[in-house]
Amino acid sequence: MPSNKLLPLAEAVRRYTWDGMQYASGAALPVGSDAIVFGRELLRQQRRDLHGIFHCNTQQLNLLAGAGAATKAECGFSGLEVFGFANGLRRAVESGQLALEDYSNLAMAARLLGGAMNWPFVPATVNIGSDIQDRSAFAPDEYPSKRKIPSVTDPFSGREIGAFSPLKPDLAAIHVSLADPLGNAIMLGTEWSRFELSRAAKKVVLIADAIVDTDCMRQFPNLVRIPDIIVEAVVYWPFAAWPQSSPGLYDVDESHMKFMNKALATEQGTADYVRDFVDSYSDIDSYLDLIGRDTIAKLSDSATSFLLDPFRQWIKTPAEIAALSAENSAEVAA
Amino acid sequence: MPSNKLLPLAEAVRRYTWDGMQYASGAALPVGSDAIVFGRELLRQQRRDLHGIFHCNTQQLNLLAGAGAATKAECGFSGLEVFGFANGLRRAVESGQLALEDYSNLAMAARLLGGAMNWPFVPATVNIGSDIQDRSAFAPDEYPSKRKIPSVTDPFSGREIGAFSPLKPDLAAIHVSLADPLGNAIMLGTEWSRFELSRAAKKVVLIADAIVDTDCMRQFPNLVRIPDIIVEAVVYWPFAAWPQSSPGLYDVDESHMKFMNKALATEQGTADYVRDFVDSYSDIDSYLDLIGRDTIAKLSDSATSFLLDPFRQWIKTPAEIAALSAENSAEVAA
Amino acid sequence: MSTVANENLPYTRQEMMAIATGRELRDGELAIFGVGLSMLAGYFAQAHHAPNIRAMTEGGVYGATPVGGLPWGIECNRISANATSFTNAIDALGFLVASGRCDVGIIGAAQVDKFGNVNTTGIWEGEIGDSYRLPKTRLTGAGGANDIACGAGRVVIMVTHEPKRFADKVSYISSPGYLEGGNARERYGFVGKGPSAIITTLGILRPDPVSKEFILEAYYAFSSIEEILASTGWDLKVSPTVHVVPEPTPEELAALRRVDATGALRKA
Amino acid sequence: MSTVANENLPYTRQEMMAIATGRELRDGELAIFGVGLSMLAGYFAQAHHAPNIRAMTEGGVYGATPVGGLPWGIECNRISANATSFTNAIDALGFLVASGRCDVGIIGAAQVDKFGNVNTTGIWEGEIGDSYRLPKTRLTGAGGANDIACGAGRVVIMVTHEPKRFADKVSYISSPGYLEGGNARERYGFVGKGPSAIITTLGILRPDPVSKEFILEAYYAFSSIEEILASTGWDLKVSPTVHVVPEPTPEELAALRRVDATGALRKA
C-alpha cells in the first residue's frame, strides 16, 4: 500500500475504468458538487458503453449521454433543476441510444444502502403503485414489470410492499471538497448518497477540490465520512465540479451551465463542446485557463466561502501536492 | 414553538417520560457518551416498568435495571467491556425481574434504521441461525421463535433471509457533546446509532454537555447530524455521561465506574448508591460537587480535549444558559 | 410554464400561484420543498405567516433560507450558505418523508390527471402500450416527488393551467395521486394521505372526499370558471362553494419578493 | 480469564495468546477488533508485521491506535484521541462487516464448542430446553461478535483454555461458528466463511476442512498436548502435523508491550 494514494486524473481513469462498466458518480445533486472532470476524462480516453449509476443526473451524465459514451443509466431525477431539461441525456433517451431506468431519489439512495449492506433486496414503500414499478426501460416488453421492483411479503403483518434491487457499481468517482493523501475525505454541503455509495461501490476514487494534511482529519474525525480504508486513489483537481458548484469553494457557473446544456442539445453542438471543453486542455493549469481566471475569481467569491475557513490552514499548495504525487509514483513504480 | 428549547432536566423527565414507556438512550456504547444523568432523574422521579431500548447496555441501563425501574430491555451488548459484566442488569436478568431480549449490535442499529424509515421489517443477514433468532425472552415458551426474527423470501433470488422488527421508541434521550438552544446537535466521537435513533424515536430530548450558539452550527452544518426540527427539548447538563466519557470533554471515571458496578451487584449496594449518587444532589452545582471538583479537573484533562477546540468560541456560559432558560420558561408559561 | 404577466395586476400569475401555495402551509409544520417555484412558495410561507415552519430539501439541508435569489437547485450554494445542518438523501427523503413524519410537501407536475396523479417522466403520443416505447419528449423523471407523494402527510401540486397538462389520465404515473380514485392508495399502504390541492396559474382544485376526483374549488381575481374549464383536459366538476381566491395582500407580496430576490416569478 | 504468569518465561500466557492471534492478521487486511485482548492482539499486529492493516472498531472508529493503554471500550477516549474518522455502527458492522468486506475479525468467547460456535450470552445448568429458562449466570450477549461471525471473511476466536469453556455443544449460540458442522452455514447464506482458528492460552485449534470440527494444530512451548486434551471439554482430535508454536520474538514482545502500555496482559 503506498504511503499516499494521490494519482493523476488520467491515470486514475486508465486504471479504474473500462468499456461497459457500471460507473457511479458521487455527487450532491443534480447541480451541486460532482466530479464532472472525471466524466470529461472518460470521454478523452474514449470509454464507451458505460452503465451510469447517477443518484440524479448532473452535467456529467448529460455530457456522457450526449456524447454517446453511456448506453444505460439509472437515476432518480434526470433534469437539471432550474437549468431545465438535460438536453444531452434527453436526446440520448428519445433516440433510443441510451436506456434510462427510472427510480425516485429515495429509491436510488436506498438501493445504494442495500448494496453497502450487501442485502439481497431493500424494502420499498415508495415507487410501488406507480409506473416506476410497472415500466422498465431495461426490459421494455415486460409489462407490468415483475422483476424491477417485485413484491415481498412483510412477515410481521402479512402485507405486501416492494423490493428494490441493491446497487454495487464497479467504480464510484466521488467528488469531495477535501481529501488527505491517504484517502480520508470531507464533504461540505449535503452528502446526498455519497456515504452509502462509497460503501456500495466495488472501488472508490476520490476527486478532491483541495488536498489537506491528515492532521485536518484528526482534528475533525466526525467530518470524515469517507475513511481511507475504502479508497483506492485520490485525484487532486481544483474546480472538478465546474460548471457546477462546490460549497465552500466555488459557485455554479451559470452561463457555462446554460451554454453547455444548449450545446448538448444537438450532435454538432456536442461535438463542438467536446472539442472545446473536453479535449482542449492538457493539465490542471490549462483547464483553469479554459474556465478563465476571471471566472474562477468570480466563482470563488461565494457566499459559502466561510464554510472552508476552519480547514484552510491544512490545505496543501500545488507544489506540495506535486511532490507527494511524485513520491507516490516512485513508490508505485518501485 | 419556543424560540429556544432549553429545559431543566427534571422538567424534561416530567414532560416526556411515563411509567411503562419504551425508553431509548442515545449513546456511544457501551462505556462512552451516554446521558446517564437522565437515568438518574428517571429514578429520582420514580419511573417504573420501563422498557429500555439500549443499542448496548451502559451504566444507565445497569442502574435502571439494578434499581428495578426497568422490567424489559432490548440490547446488543449487555456488558461493560473492560469493566466487566454489568452487575445490576445481570442481577435483574438472573432473578427474572427484567426480561432481556438479545440482539446483536448491528441488529439494534438496523432495527432503528428500519424504524426511522418506517419500513415494516428490515432484512436480516445476521443473527439468523443462532439462538438470538431461536430464543425470545419476551416469548420464552415459543421455541424456536417464529416471531422474533421471522424468515422472509428474497424475491430476486428466492432464498430465505431473516427479518428484523423495526424500533420506534417513545422517547430517545440522546447524549450529545454540543447543542444549540434550538436543538441542533454535534456529537464528537462515534455516533453509534444516534443518527438513526433520533429519526426512529417518536420524541427526542437532547442532553448536552455544553450549549453553543447557533452560529457554531452554521459554521459546521455537516457536523449537525441531529437538526432542530426533530428535537423537543434541550437539556444542559455538564458531565451528563459521568462516570462514562465524552470525547473532547472528559474521560471515563475509572474508579467510579468500578465502584458503581460493584454497588449494583447487590440490592443493598444499589440502595446505597441511589441514596448517595442519585437522590443526593439538587442541581448541577451539587451534582458537580458530588463528582468532586478535583475529579472533574482530572477527567477534563483528556487526550481528546483538542477535539473541542474548534467549537470553544461558541460555548455559552452557565449564566447565559440560565438567562436563555428563563426566557424559554416565560415563553412556555405565556 | 406560462410566465406572461397580466399587465393590469400588481402581481404576476406565477406570484399568485406561489402565494396560494404558500397559504397551504401552516406554522410549525415539517415541510419539504422542491426546487424552483415550489421552493419560493415554501420560503414565502416561512417569511410571511409560518415563521416556525420546519423546512428541508431533498438532500438534507435544514435551517436554511435562500440567499441571493432563487436557488439553482436543492443543493445550490444559495441554500447552503446559511444552513444549520447538512445530512443526506436517506435522511430527508427516507427518515423524514417516506416515513410519514413530514406534514406537507410541494411538488410540480408536467401533467396531472383528475385523480392527482403526476407525470414528470415523459410525453408519449397516445398510450404507451405494453411495450415501453421511447417517449416523444423525455422530461425529468420522478426525482423526490414520488417519495413525497407516497410519504408526506399531504401534498400540494403546483402546475401551470393548460389543457395538455390537465389530462384525463396521465400517460405515465411518476408520482401517485389517488391512482384510479377512491381507496386505491390503500392497496399500497402509503403512509401519506395523498394530494390535498392542485394549485394552478388559474385557480385551486381539491379532491372530492370520497371519489378523490379533483374539482374546482376556487379561481383567482384574474381568472374565471370558464377559462379554467377550457384549460382543463378533463370534464372538470365545479364545487358548489366555488369562490374567488383572496388576492395577495401587500404583506404577502412583499414577503414573496424578499424571497424571490432575483424576480424569477416576475420574468416573462 | 487465567492470568497466571509462568515464572520461567519472559512473557505471560496471555501475551503468547495475543501474539499468536496477531500472527493471524496479514498486512493490508481490513480488520475489526473487539475490546480488550482482541484489540491488543490486533494493534500488536499493526505495530509489528502489518503496518498497513486497515483497522476499525464496531462503532466506526478508523485510523486510530490506542493511546495511554488498553482502551476501556471500543469507543473509549483512548482510541478516540487520534482517529481519522468517526462514523457509526451501521457503517462499521453493516457496510463493512456484515457485507463481507472485512477480511478478518477477532472475537472472544465465554464458551466455544467443537464447531466453533460461541456463547457469550449466559450459562445454564444443562440444556436450556423448550422454554427459555433464566440463565444461572448472565454474560454480555452477542454484541458485535454475531455480526462479525456472520460477515467477516474469517474469524479468529480468542479464549482461555479451560474445560468448562470448551464444551461439546455450547448451551446458547450467540455467534455462529460452523453450527452442526459440515456445510451447515450454507443454510443461512452467510457471506463470511466462519472461524479459521481458535487461539487459546494453551495452543491453536483449526477446523477440519470437511467436517469443520476443530482439531489441535499447535501448542505453546509452555503447554503440552496432554494439558490441552485435559483442558478441553470434548474429545479433541490432534492433527497429524501438530507442532510447537514459535515463541514470541523479542521484536514481537516489544511491539506488544508498546501497545499494551498499561500491562493489561501482564497482570495476574
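Lettered A, B, C and D in written order, each chain numbered from 1.
Everything below uses one rule, namely that a contact is a pair of C-beta atoms (placed from the backbone, for glycine too) under 8 Å apart; a residue touches a chain by one contact, two chains touch by 3 or more.
Note that the coordinates shown come from a computational prediction; the quantities given were computed from them, not determined experimentally.
K.L.:
Write down the chain pair with more C-beta contact pairs when A-D is set against B-D.
P.N.:
Looking at contacts between chains, B-D has the larger number.
K.L.:
From the C-alpha centre of subunit C to that of subunit D, how far is it in Å?
P.N.:
Roughly 57 Å separates the two chain centres.
K.L.:
Counting in whole Å, what is the centre-to-centre distance of subunit A and subunit D, each centre being its mean C-alpha position?
P.N.:
Inter-chain centre distance comes to 40 Å.
K.L.:
Could you grab the centroid distance between subunit B and subunit D? Build each centroid from C-alpha atoms only and quote it in angstrom.
P.N.:
Whole-Å distance between the two chain centres: 29.
K.L.:
Counting only Cα atoms for the centres, state how far subunit A is from subunit B in Å.
P.N.:
Result: the chain centres lie 37 Å from each other.
K.L.:
Can you list the residues of subunit A that touch 2 or more other chains?
P.N.:
117-118, 125, 159, 161, 188-189, 191, 195-196, 221-222, 307 - these are the residues of subunit A that touch more than one other chain.
K.L.:
Please list all residues of subunit C that touch 2 or more other chains.
P.N.:
80, 86-87, 94, 98, 151, 191
K.L.:
Going by the touch rule set out above, what shape does the chain contact graph take here: line, ring, star, complete or other?
P.N.:
other
K.L.:
Considering every pair of chains, which are in touch?
P.N.:
A-B, A-C, A-D, B-C, B-D
K.L.:
Quick one: in the complex, what on subunit A touches subunit C?
P.N.:
On the subunit A side, the touching residues are 28-33, 55-57, 75-83, 85-86, 89-90, 93-96, 100, 102-110, 113, 125-132, 135-137, 140-141, 143, 159, 161, 188-196, 245, 247, 251-252, 254, 257, 302-304, 307.
K.L.:
Which of the residues in subunit B come into contact with subunit C in the complex?
P.N.:
1, 116-118, 180, 182, 184, 195-196, 199-200, 214, 217-218, 221-222, 224-230
K.L.:
Could you list, by residue number, the parts of subunit D that touch subunit A in their complex?
P.N.:
By the definition above, subunit D touches subunit A via 27-28, 30, 52, 54, 56, 62-63, 80, 82-87, 91, 94-96, 98-101, 151, 191.
K.L.:
Sort out for me which residues of subunit D touch subunit B in the complex.
P.N.:
35-36, 58-61, 67-68, 70-78, 80-81, 86-90, 93-94, 97-98, 121, 128, 130-147, 150-151, 172-176, 179, 185, 187-191
K.L.:
Would you tell me which residues of subunit A are touching subunit B in their complex?
P.N.:
114, 117-123, 125, 147, 150-157, 159, 161, 163, 165, 186-189, 191, 219-223, 306-307, 309-310
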